[in-house]
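Sharing a structure below in C-alpha cells format, with a few things to ask.
Note that the chains take the letters A, B, C and D in the order they are written out, and that residue 1 is the start of every chain.
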Amino acid sequence: MLSPALETSAGGFLLVLSIVVPVAGVLLAFALGDRYVRLVAFTVVPVGSTIAAAVLLVLPQNDGHLAYLLGAWPPPLGVALRADGSSAVMLATTAIVICVVAVFAASDFRPASGNRRAPFAFWILLLAIWAALNTIFVGGDLFTLYVALELLTFAAVPLVSLEGRAETLQAALRYLLFALLGSILYLMGTALFYGLYGTLDIVLLSHRASAEPGALIAAALMTTGLLAKTALFPLHLWLPPAHAGAPAAASAILSGLVVKGSFFILLRLWFNVRPGMSGFAAAQFLAALGAGAIVVGSIVALRQERLKLLVAYSTLAQIGYLFLMFPLAFNASGQLESGQALAGGLLQTVSHATAKAAMFLAVGSIYAGFGHDRVTGIRGAARALPLSVMTFALAGFALMGVQPGGAALAKELLLQETARTGQWWWAGVLQVGGMFTAAYVVLVLAHALSPPDQPVALVAKPPRSSGLAALALALCSLLLGLLPWEPYLPITYAAESKLFGVEALVKLLVTVFGGAALAILLSPWPHPLAFSAAGKTIMHLIAPLRRTCIGLGSLVETGDGVLRQWSTASISLLLVALLLAALMFVAN
Amino acid sequence: MNFARDIMTIACVSTGAFFFLAGTVGLLRFPDTLTRLHALTKADNLGLGFVVLGLLPQAGGLRDGLKLMSIWMFALLAGATVSQLIARTVRRSGAG
Amino acid sequence: MSSVSVFGLCAAAAVGLGLYGLITNPQPLRKIVAFNLLGSGVFLLFGIVGRRGAAAGVGNDPVPQALVITGIVVAFSATALAIALLLRLFHAAGSTTLSSRAPTSPRSDPSGG
Amino acid sequence: MSIATVFEVALAAVVLGLAIWTIAVPETYSATVGFVAYGLLVALIWVRLDAVDVALTEAAIGGGLGGVVLLGAAARLRDAEATAAERPDRFTRLIAAILSASIAAALGLAILILPDHAPTLAPVVAANAGATGMANPVTNVLMAFRGMDTMLEKVVLLLTVVGVWSLASDRAWGGRPGPHHEADPHGVLAFLARLLPPAGIVVGIYMLWTGADHPGGAFQGGAVLASMWLLAIMAGLADTPPVSSRWLRFILVAGPGLFLVVGLGGLCFGAAFLAYPVAFAKPLILGIEVAMVLTIAATLALLLAGAPERNA
C-alpha cells in the first residue's frame, strides 16, 4: 500500500535523489563528451546503488512508506513521490542489474578512437533507463508516470538499433511505433481520469475513483496501453526482434528491466488506483492472456535456432507468468488485495529481472566466443566457455523454480493463493509454465554439454570480469528465496519453510523431467541425446509422437507469425481494449 | 463612434474574406503552378491586408495595432519569398 | 450543442481516424502521420476536460493545458526519432517495409554491422 | 444555434475533413501537407477552447516543426513508397474500421457523460500564483507546481537527440548533422534569411518574456528561435555545428541542467526539491526559462537536421 499521508516523510529526499542522480549522470555524460561517458557512468552507478540501498534501509523505519512532495506542493496541485515495499524492492533490483550490466559492458563499450558512437549512446541510454525506471517506481502521479514511461521508451529504442544493421533498425522502428500506440492509449485514460476526478495523484484517485462508466473506459484503455508496452501476448510483435537484435548488454537491460517498467505501472493502476473496480472477469482475462503467452512463447522458443531469439521468446513466456497473479489477488469482498499474490508476482518480477539479464549476458558471451549463436552449433561450449554456460544454467535453474530461487518462492506463494481462492486451473498453468521453462533450459544445456565433433576454436575470448559479473547475477537470482522479504513484501514464513523438503524435491524432479520430455518432443533440432545408442532407440520409439508435436509446434509458430504482423497485432490491441472494457462493465 | 468602427471592421474583413475566397477558388481551378501562385499571393497580400485593416479599429492600443501590422508584414515577406522559390523551381524544372 | 461537445466529438473522431490510419496504412511514414493525428485528438481531450473546468477567471484549467504542452513536446520528439529511424532504415535497406521476415532467419553475417 | 456554435461546428467539420483526407489520400506527400493544415486548424480549436498557450505550442511545434519533419521525410522517401506496398486486405481494413470506430465511440461517450460539476484545479492554481510572482497560470504549473514533469520532459528531448545521433554511421560520428545546403548567396532565400532572423529572434525572446504573465513561454519562443536558425542553415548562411562541438553540447544540457541545479538548491537550502524561495521565485524561474529557450531552440533545430552525416 502507498502512504496515505500527504506530507514529506523523513528520508523522503532519497526518492528525489534516486531520480536526480542518474539524470545528472545523463546530463554530465552528454556535456563532457564521448571520452568521458564511461567514466561518468561508473561514477554514477555506485552512488545510485547506495541510494537504492539507503531506501531499503530507511523504509522499514518509516512503517514501510516514504513520501516526498516536490516543490513542497501537496497534491492535487503538486506532484508527490511515494515509495512502498514494492518500490524499494524494484529500486534495489534495478540497481543490481544495472551494476552488473555496467561491469559486463565495460570492455564492449570502451570509448576508443574510431568507435565512439556506440559507447556514447550506450552509457547515456543506460543511465537514462535507470532514471526512468526509478521515476516509475517512486512516481505518485499518473502523468509523471507517463513522462517516465516515454523516457524509458526513448532510451530503450536506440539501444535496439545500436549496431545499425537494417533488421535491427526495422525492429527498433516497430518497437517505437507500437510503444507509441500504447502510450497514447495510456494518455487517453489519463485525460478521462482528470476529467472525472480533477487529480492524477494515485492516492487521491484511490479515494475518489468509483466504478462509473468513464472510469472503466479509462482503466481499460490505460491497461491495454501498458500491456502493449509490456509485450503481453498477443501484443508482442515488437519484442522478439528487438530483444534479440540488440547487443547483449542492451538485451539484458531491455528484457530484464525495461518491460518491468510498464508492468509496474499496471500494478499501481490495478492495486493502488482502483483495487475495487477491476472486476474478477477482467483479471481472469489478463491471466488467460498470460497463459497464452506461456504456451506460445515457450513453444516458439523451443523452435528457435538462434539462442538470442530463444531467450527473447522465453521472455515473452515469462511475461505471461507475471500476469497469473491477477485473479489470485482478490479477497472475499471482490477487492484486489496487496497481499501474498502481489508479493508472489513481484518476486517473480525480481527473479526474472535478474535471471533473464544474466541469461542474455551469458548468451552474449557465447555469441562473442563462437561468432554465432545457433543452438545446434554450440556443442562443447561447456568446456570452451564454462563460465558462460554455468551462468546460463544457474539463471535457467532460477527461472524454472529450483530452490532456493526467487521463482521457486514466488511459485509457492501463488500456489498457496490458488488453493486459498479455489482456482485450481491456475495452479495447473503455474506447473506447466515451470515445465516449459525447464524445457528450453534443458535443451540449451544438452547442446552445450555434449562433446563437440571437432575441437572448438573460439573467435574471441570474452573478458573474465564480464563472465564473473553475469555469474554473480545468476547466483543472486538463485539465492533470492533466502533473503528476508518481510519488511517489504507480505510473505509468510510458511511459504519459505516449504521450499526445502521431500515434497519440493519431487516437484522439482517432475518439472525437470517434464521439461526434458517437452524439449525432446517440441524442438525440431537434432537432439544430442540421439547420438548415443540408447538415445537412438528412445528417439526411434517416440518418432511418430515427436512428428505430431513438431507439426503442432510449427502450427503455433505460424500463428505467432500472423499475430506479429502489424495489422493483426494492432487489431488485437483494440480488441483487448474493448474486451477489457466490456468485462469491467459486466463486473460492475 | 463605436458604430462607425464596427462598420469599418465588417466592411474590411468581408472584403478580405472575399479575396481569400477568390484566391482559394483560383488555387483550385487555375491550370498550372504559376497562375495558381498568382491567385494565392493575391489572396495573401490583399485578403490578409484587408483583414488586418479591419481589425485595427478594434485593437486595444498602439502596441496591439503594431503587432497586427507586423503580422501582415511578415506574412507578405514570407509569401513573397516562398512564391519566388516555387516559381524558380517551376521554371528550372520546366514544368511551367 | 455546446462547444465542449462539438470539439469533444471531433477529438474522439480524430482518435478513431488516427487509430484506423495507424493500423491500415502500410507505409511507416503514414503510420507516423496517423500517430500525430491520434496524438492531437488525445490532446484535445485534455483541452475539453480543461475547458469544462474553467473557473477563477481562467477560461481553461491550466493543469491540463500544461500537461498538453508537455505531451506535444514528447510527441514531437517521438516523431523526430521515428523519422530518423525510418530514414536510416531506408538508407540501410533500400526500403521502408515493416513486414517481419528478417528476424527469425539465422544471421548470415556473424560479425554484425 | 448561436453564430459561435455555427462557426465551431464548421471548424470541427473542416478539421475532420482534413483528418480523413490525411488518412485516406494515396500519396504520402499530400497526406503530410494535409496534416500541416490540420495542425494549424487544430490550433484554432485550441483558441476557441481558451487555451492560447497550447494553441501557440500546437501551431509552432505540433503542426509547424512537426509538419516540417514529416514533409522533409516525405520528400526524401518519395522513391520508397512503392517498395512498402503491403496494404492489408479489405477484410482487415473493415475490422480495423469497426474497432477504431468503437474506441472512438467509447471515448466520445466518456466525454459526453463527464460529470456536470467538472472538477478543476484552476482556483488552486490562481490562489497559489503569489508564490511565483507570475500571472500566467500555465507557466506556473509548468515551472513550479509540476516542475518535475517539465524537467523530465527536457531529458526526453535530450535523449531524442542522443537517439537520433546514435543512428549515424561510425564514420560520420562527430560530424555535422543533416545534408549541406547550397543556396545562391544573392538569392531570395538568402535575402529572407538575412532579413527575418533579427526580427524573429526578437519575437522569440518576446514570447519567452511575455510568457511570465501572458500566453507564451519557453517552448513557443524556442520553436521560433529554432526556425530562425533553420532558415539560416537552409539558406546556406550557417551550417549545423559538428555534434562533437563542446559549446553545442553545453547548450543542449543548459536548460535541464540549470533546472536540476536550482531544484537541488531547493533540496539543500530551501523547502524542498524544485521549491523556489518566494523572494527569488520569479528571477529564478526566468533564469531557468532563458536557459531552456536556448536548449529547446538548439534541440528542435538539431532534431530537424537529423543524424550526423558529414565530417566537420
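Everything below uses one rule, namely that a contact is a pair of C-beta atoms (placed from the backbone, for glycine too) under 8 Å apart; a residue touches a chain by one contact, two chains touch by 3 or more.
This structure is a prediction, so every number in the text was calculated from the model and none was measured.
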item	value
Chain nearest the overall Cα centroid	C
Contact pairs, highest-scoring chain pair	C-D
Chain whose Cα centroid lies at the greatest distance from that of chain A	B
Whole-Å separation of chain centres (CA-atom averages), chain A against chain C	26
Centroid distance [mean C-alpha coordinates] between chain D and chain C, Å	13
Whole-Å gap separating chain B and chain C, where each centre is the average of the chain's CA atoms	32
Residues of chain A touching at least two other chains	77, 143, 147, 150, 154, 157-158, 161, 164, 169, 188, 192, 194-195, 198, 567, 570-571, 574
Touching two or more other chains - residue numbers and ranges from chain B	none
Where chain D touches two or more other chains at once, by residue number	88, 92, 96, 99-100, 103, 107, 111, 114, 118-121, 125, 145-146, 149, 153, 156, 159-160, 163, 167
Touching chain combinations (by label order)	A-C, A-D, B-D, C-D
Residues of chain D that touch chain B when the two form their complex	188-189, 191-192, 195-196, 199
Parts of chain C lying in touch with chain D, wherever the complex brings them together	1-21, 23-30, 32-34, 36-37, 40, 43-45, 47-63, 65-70, 72-81, 83-88, 90, 94-99
Contact set on chain A toward chain D in their complex	8, 13, 16, 20, 23-24, 26-27, 30-34, 68-73, 76-79, 114-118, 120-121, 124-125, 128, 131, 135, 143-144, 147-148, 150-151, 154-155, 157-158, 161-162, 164, 169, 188, 192, 194-199, 213-214, 217-218, 221, 567-568, 570-571, 574-575, 577-578, 581
Sites on chain B touched by chain D in the complex	70, 74, 77-78, 80-81, 84-85, 88
Contact footprint of chain A on chain D as seen in their complex	88, 92, 95-96, 99-100, 102-103, 106-107, 109-111, 113-115, 118-121, 124-125, 128, 144-149, 151-153, 155-156, 158-160, 162-163, 165-170, 173-174, 244, 246, 249-250, 252-253, 256-257, 260, 263-264, 266-267, 271-276
